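For clarity, chains are labelled A, B and C in written order, and residue numbers in each chain start from 1.
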Amino acid sequence: MTTQESLISHDHAGPPTLSAGDHAPLPADAPPGAIFVARGLRYSYLDRFAALDGVDLDVMPGEMVALLGANGSGKSTLLKVLDGLVFPSEGTLHAFGHLVTEGNLEDEQYVEAFRSRVGFVFQNSDTQVFSPTVREEVAFGCLQLGLSAEETRQRVDDVLGMLGIADLADRAPFQLSGGQKKKVAIASVLVMNPEVLLFDEPTAALDPRSQQWLAELIVELNAAGKTIVYATHDLDVLEQIATRCVVFSEDHRILASGPPGAILDDTALLLSANLIHEHSHVHLREGQRVEHSHAHQRGGHHH
Amino acid sequence: MAEHTTTTTPSWLLSSNVGLCPCGCIGKRTKGSFVEKTLTGGSDLLRQVMFSDDLARRSGLLQRLDPRAKLGGMLLLLIGAGLAHHLETLLATYVVVLALAGASRVPLGFFLKRVWLFVPIFTLIVVLPATLSIVTHGDVVVELWSWHGQPQGLTAQGLRSAALVVSRVAVSISLVVLVTVTTPWNRLLAGLRGLGVPRMFILVIGMAYRYIFLLLDSVTDMYEARKARTMARVKHDRTARAFVGASAGALVGKANQLSEEVHQAMVARGYRGEARVLDTLRLRRADLVALAVAVLATALMLTADRMLGR
Amino acid sequence: MHIPDGYLSPSTCAVGYAVAIPTWAIASKRVSKVVKTRNVPMLAVFSALSFLVMMFNVPIPDGTTAHAVGGAVIAICLGPWAAVIAVSVALLFQALLFGDGGVLSYGVNVVNMAIILPFVGYGIYRLIAGRTPLTSGRRVVAAAIGGYVGINAAALAAAVEFGIQPDLFKSADGTPLYSPYHLSQTIPAMAIPHLTIAGLVEAVMSAAIVAYLQRADVSRLVPSHPGIPLTEADRAPRPARTLAPARVALGFVVLMVVLSPLGLLAPGGAFGEDNPNDLNLNKLGLHAVPAGLDKYNGFWSHTLLGGYGFSSGDHADLGYILSALIGIVVVGVAILLIGLVMRAVLGRRDADREREQEPQRLG
């Protein structure tokens, strides 16, 4: 790796690997007050397909962290690890100062606290929206965490109103468009009012206006004190909705992490992460960032 | 370090030849196979079920009732129809059902079509041979041939039995269809829960309903994709069988992944094995009246049936 | 195989529910214990799958349709109790939303397709697969045969339920009140399409799914196969197994189930002479009936036709109802037996497994 500029700090160069135990202490280099402290995370699907290969990450309260990386680099997997849905085969994850393991999450109190503090909007909203009606879908999380029916109903109405989907309340989720489903998925997480929000490609499937609206919503939530971690392929809005970017390499490690401006300026880094094509240029210095492609002019192709 | 994806587009992809066939032929349309018909028929049917939601939202008699009252009444009348031994009783019940459909603003044409296609019609065909003396012994009313000096043909018992079975099938299906088209799916589910179906079943039913649509889409997609890639026409049967074999595996793979992700999505929102639901059902007086009417109607039906003889 | 309302007497339907309800109760208890939270989405997706599979059906001449169910393979993937729930839910959709299969007869349909099918299919699968590793080819064959036999057992049960109606329930003048066909007609009418088309589809589908899982994600099969090694390599040496009596009983029941539809094919040939309507079925390659089957044929016609001589309409109803009950209860008890046997076997293996390995998170 020779492409990093001095501006971009590496996230913890030497990964101190800790063996997972239900009471492993916070790593010594963990910044105080961090929400997530991940060290040396490794995960592979079916023990065959690597998805994370030694990932270190700290997330501080109030941050807006954007995870960038090519398809299949491990962004979704990392988010699932952060949400305690899959468990790393190696490495440790501390959330709110406590170790997250499968065993710990079986503890009633711990799991309830964890689930109500961390919300996750999945990449594929078809899987997230599983209830017979939109209203029940949005109510699901609150009811699971023991909110009263009355309070739940109130919250559901509020959140549906806020997202402008109140008229869908009694529809069945399979009757919705992709973008509407996404909004329902977002509503079903916001309704629980978690302090950490994990989004997996939240803007995919949304129309441009809704994308803009979502970007503003994220900023607004962040201003209200929420910590936000999201995976995205949308480089255009990064400076607006990220305080930090984390770039994944295709071999499932973190290449770099730093403020969006610095990351986006580093064309070599983005190229090495296979995030951009040689022929696409991100124009940073113009008032508005435009991404476009030059005509293909390599040898061997004649048009 | 990962390599750059400097893929070069293969030239054949950029050439203007259409597909694999250099002659540029488009091929001829072939009739749909069994699989294809079932797929398109199936998605049409599912769509129809979804459309029936707007019948369920009209303001008619049955739409105003609590789903539990409707399901309970339906069960009573079904048992009544099952116990009835006379055609007259069943026909009278059918008239009442049609009247209920009318009062619930269910278009008659739609209702008749939905009910009669295809089970009762099929039943009719199926019971026809049973009218013959070789199946149902009895008094031969229409002699068709004789065997060992015995007249053989249609028997009174056979004809009556056929009429009885067909009309009972039609009445039963009408009752079920009437209730399901006048009740939105989620209310129906709530009604089942109200009738004591355990929560885990309700949860499975609700989710399965949703995933039928998703999986049907995958099957259709897989089939379409396959069809789009298949140029030569193989024998129908074999294609269908190969398709079933190949797609079943892939479908299960998909189903597996789906269930894993749904599980994660549920767990992420605090699911720990027991789902809680928003309960909104309340039995009102009208519902109790409706139930009482159903009880009375069933009693009346059975008394009348007994009076007609055994 | 979906029996609509109107073909069966309410009392037959009541018997169906009487078998189904306790089975559901056991199933939901066992399923929630075994797979914990993961079960609900899994069951839901598999019932959706079963529902879709059942949509591919062809009408057959006794008033129902022939189609695959997927019950056996669901039992293989999730365990037989889970299969009970998954297929029951699929049948519920069919009954409520599509009028395919009745509401009163739902219990009977559940007994046939959601109880008999998965348990018989699963039993056969386990018998054939034995303790071969999860990735072994024998499991694919076992799944195919399990599916084939399971669906035919279910079809036979449906045929019996149909076939006892005209003798049990008729009015004073001999008018059959429900399905008018006799056992000698319903059994071939159900058996032939299921032995050929539906059985084959179920077999191909079961085999394809097991083969797919072996290739793509064999760990999915681990929870429903406790104590079975993954590959030949991790096979622990085991002491030679003795044939437990329960195992033998199970084998016997299964063998009977396999044999009975074959034996009952013989009256089908005779029936074809009587009823021109069904002749085309008999052309389907069933000319040669193995000599040994004549014996079974005689056995069956003796007991069934002898007992239910349909010319005399004044037979004691009680006797008929008793016979019907016995028929169904025998099937029920057989299932229960299989269930008990498996519970014992599974329970032991579960304990073994817990001792042997830390439960590992899959997928």
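Keep in mind that, in the parts below, a contact is a pair of C-beta atoms (placed from the backbone, for glycine too) under 8 Å apart; a residue touches a chain by one contact, two chains touch by 3 or more.
Since we're looking at a predicted model, the values are computed, not measured.
Taken as a contact graph, the chains are fully connected, with every chain touching every other chain. Across the assembly, the chain pair joined by the most C-beta contact pairs is B-C. Relative to the centroid of all protein Cα atoms, the closest per-chain Cα centroid is that of B. Look at where the CA atoms of subunit A average out and do the same for subunit C: the two points lie 47 Å apart. Inter-chain spacing, taken between the CA centroids of subunit B and subunit C, is 22 Å. If you average the CA atoms of subunit A and of subunit B, the two centres end up 41 Å from each other. In subunit B, the residues that touch at least two other chains are 206-207, 209-211, 214, 258, 262, 266-267, 271-272, 275. With touch defined as above, residues shared between interfaces to two or more other chains in subunit A number as follows: 86, 130.
Counting partners per residue, subunit C has 41, 44, 217, 363 as the residues that reach two or more other chains.
Contact residues on subunit B toward subunit A in their complex (touch as defined above): 1-6, 8-9, 11, 14, 50, 53, 184-186, 189, 206-207, 209-211, 213-214, 258, 261-262, 264-272, 275-279. On the subunit C side of its complex with subunit A, the touching residues are 41, 44, 217, 219, 361, 363.
Those residues of subunit C that touch subunit B in the complex are listed here as 4-7, 9-10, 13, 24, 28, 31-32, 36-38, 40-49, 51-53, 55-59, 61-63, 73, 77, 85-86, 88-90, 92-93, 95-100, 102-104, 166, 170-182, 185, 200-201, 204-205, 207-209, 211-213, 216-217, 220, 274-275, 277-278, 310-311, 363.
Chain contact summary for the complex, subunit A toward subunit B: residues 1, 70, 80, 83, 85-86, 108, 111-112, 115-116, 119-120, 122, 124, 126-128, 130-133, 135-136, 139-141, 143-145, 149, 152-153, 170, 172-175, 188-189, 192, 249-251, 271-274, 277-278, 298, 300-301. Interface residues of subunit B, counted against subunit C in their complex, comprise 34-35, 38, 42, 45, 49, 74-75, 78-79, 81-83, 85, 114-115, 119, 122-123, 126-130, 132, 134-139, 156-158, 160-162, 164-165, 168-173, 176-177, 180, 188, 198, 200-201, 203-212, 214-216, 219, 241, 244-246, 248-253, 255-256, 258-260, 262-263, 266-267, 271-273, 275, 309-310.
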